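The letters A, B and C name the chains in turn, as written, and every chain counts its residues from 1.
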């Protein structure tokens, strides 16, 4: 491969890692700062992608409409797509948080597995909603007129980076506010006497909604990068598990860790893809499973031996230094 | 409709085997085992290996019992596979969960570890057997018996209900009569007091995982006999299992049994109105309704 | 002969020490009480002796052997039993099953011991197949003590046995403590109800702020005006 090809490849790698970093940042608010277990990232991933896709594409017309059905098509700009994705994900987060956030952590975990599975089934089976298992194609790419199509990834890398940095800064600011301190107190079960059960519920809810909205943005970024989406992408393995591994590897409760974890794990994941190419032919069909197995064993090792991840939690890092 | 309810009881009996184990583990170890569904998958596939691989190699005849779809091979494979899954379940606890418990890890870490274990088990199954749908006896015609009210039921399904019924009776006798069973109930009540009384709670925990795993394995095999085998079969049962556990009151073994039957019936009856693929979603909706109306479960006793 | 002794015991929760250099002893056939104001570390002391808390310093000796830092299920095999203050019964088990759990590690026939416990607490035998969850505080306390006796311990630790009991039951529980002691069990009891406890005690220790501040015979402590004023509420 000549040098240009390698660079192009690295750019595509960085775009995906950047999108995953957005998810990891969203998860970090919920899990890292508040101690909420969201096992349904794939659901928010899916909804974010579909909502943005439908906001930014026009309603199919003519012959095309016979083959592609979708609930709505607004043909609006990319930015509106991102915001719409965030909004709808926030609403779903509220609906799932309402029955579960008063109960033990596990209930949210179980319920989020359920919502992700349910959403995937709905998108898969209801053709009128978003074209069923065939999904949506030809999603618009923002600023595509700036360069030739084959160089478009550079533009998209800039877009993903900008979104990621904006979200990063927003979370950093919010988490250092009194609001963020309350969240951490909730994670550690250190409620101050002034807090009622209602307050705790409300703070958990805000954290769940905030994080899920960011995941919605991540889903939208993914949709406009691949230009085509279908329900089979948003499985628990690909849509949820990898992002958890990223956050745990980088360092839960640390935004830098979330970003670093996303990049490191995505590179390991891609490397594993290369390595499994060397497997004998008989095993090749099962290579994805072997890759997932490796990633999961990596996760379990991290959980037991280095639960603070690569970067550790910020507070603890400073403590180790003095 | 009556037929759907009967099929619901069959499916519910399988779910109940899973949710009983889930509730035992939750009651004693205070741990939501997200890997429980995949333990069922493991049981089904270990039995597949024993029935189609090992039995043939040992020369056990491949005959069937009367009008059932299986014979000696399955009769031998069933208990052996249960023991194997019990072993897997205990190993997962020793290797993955116990170190975290000892460090008093945050619940987030515990939950993550269990989800990881679920995928590890499933990936091993997929690596060894692939993602195709499998049957214990491909292409066997399954004659149905006609019951009153136009209900058709296969002999396999009647036996399945008998097996679940006997396993539940055995578990009841174990918990009520045996020393270890009583110690398990005591530990579920109050682990610290159990230790103070001299009960070796680590041994109790091992038994709990073992029994939970064995029942899950049994459930997986029965599902494989009734429907088919697939790498995702257990994960699809995870939501109804959790719903059944919550419905019956967490830690309540008999509640989990009733909860399992209710979930099975709800899922089967829903197919009259919805696509069958929506079954996990039905379980999810029922679970949300329980959480909204009565989060402690219908039989209370639940520790939240 | 000393059956239980602590030397310079240090213990606590989290990052704070609660007990500082506590040295106490219990001799054969004695009743020894540990009294003091709320938060003095009395319960912490018992929990540390019984291995529920890991000591940070000092030594615990039981019947001449060191048991410092052993887990409760090991210590209970060495002849000492413990009755916690709260949550001291298995509520979903019957009375009989609660007592059987006390004898969990026994492999011999403990039918005689069960009879003995039922003789001590006749009320329990009448209702032996009842679930414990529904019973009253006094009955639960009897079950808890009965459970602790099932292993024929040489030493019994009681954490506030009269707490949250109706006054009429307090006297009954103290009588039972004397009865148990008469069967040859040395008893160390932590109590809020200091005066009543000291009356039945051979000796007593006063704990304050996690330190041993006074020790004497039960009678002498009761008569000591200064200790009375400072620690026994006037």
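What we mean here is this: a residue touches a chain if its C-beta (ideal position, glycine included) is under 8 Å from a C-beta of that chain, and two chains touch if they have at least 3 such contacts.
The shown structure was predicted, so the numbers you read here are calculated from the model rather than taken from an experiment.
Taking each chain's centre as the mean of its C-alpha atoms, the one that lies farthest from the centre of chain C is A.
The greater number of contacting C-beta pairs, out of the two interfaces B-C and A-B, is seen for A-B.
If each chain is reduced to the centroid of its CA atoms, chain A and chain C end up 55 Å from each other. Remark: chain B and chain C have CA centroids separated by 43 Å (rounded to whole angstrom). Rounded to whole angstrom, the centroid-to-centroid distance between chain A and chain B, based on C-alpha atoms, equals 31 Å.
For chain A in complex with chain B, the touching residues are 31, 35, 37, 39, 99-100, 102-107, 109-111, 113-115, 117-118, 121-122, 124-125, 187, 236-237, 241, 244, 248, 252, 285-286, 289-290, 292-293, 296-297, 299-300, 303-304, 307.
Residues 179, 182-183, 185-186, 188-190, 192-201, 301 of chain B are the ones that touch chain C when the two sit in their complex. Chain contact summary for the complex, chain B toward chain A: residues 32, 34, 96, 99-100, 105-109, 111-113, 115-117, 119-120, 123-124, 126-127, 130, 235, 238-239, 242, 246, 275, 277-278, 280-281, 283-285, 287-288, 291-292, 295, 304. In the complex of the two chains, the chain C residues touching chain B come out as 50, 52, 71-73, 76-77, 81-82, 84, 87-93, 97-98, 100-102, 104-105, 147, 151.
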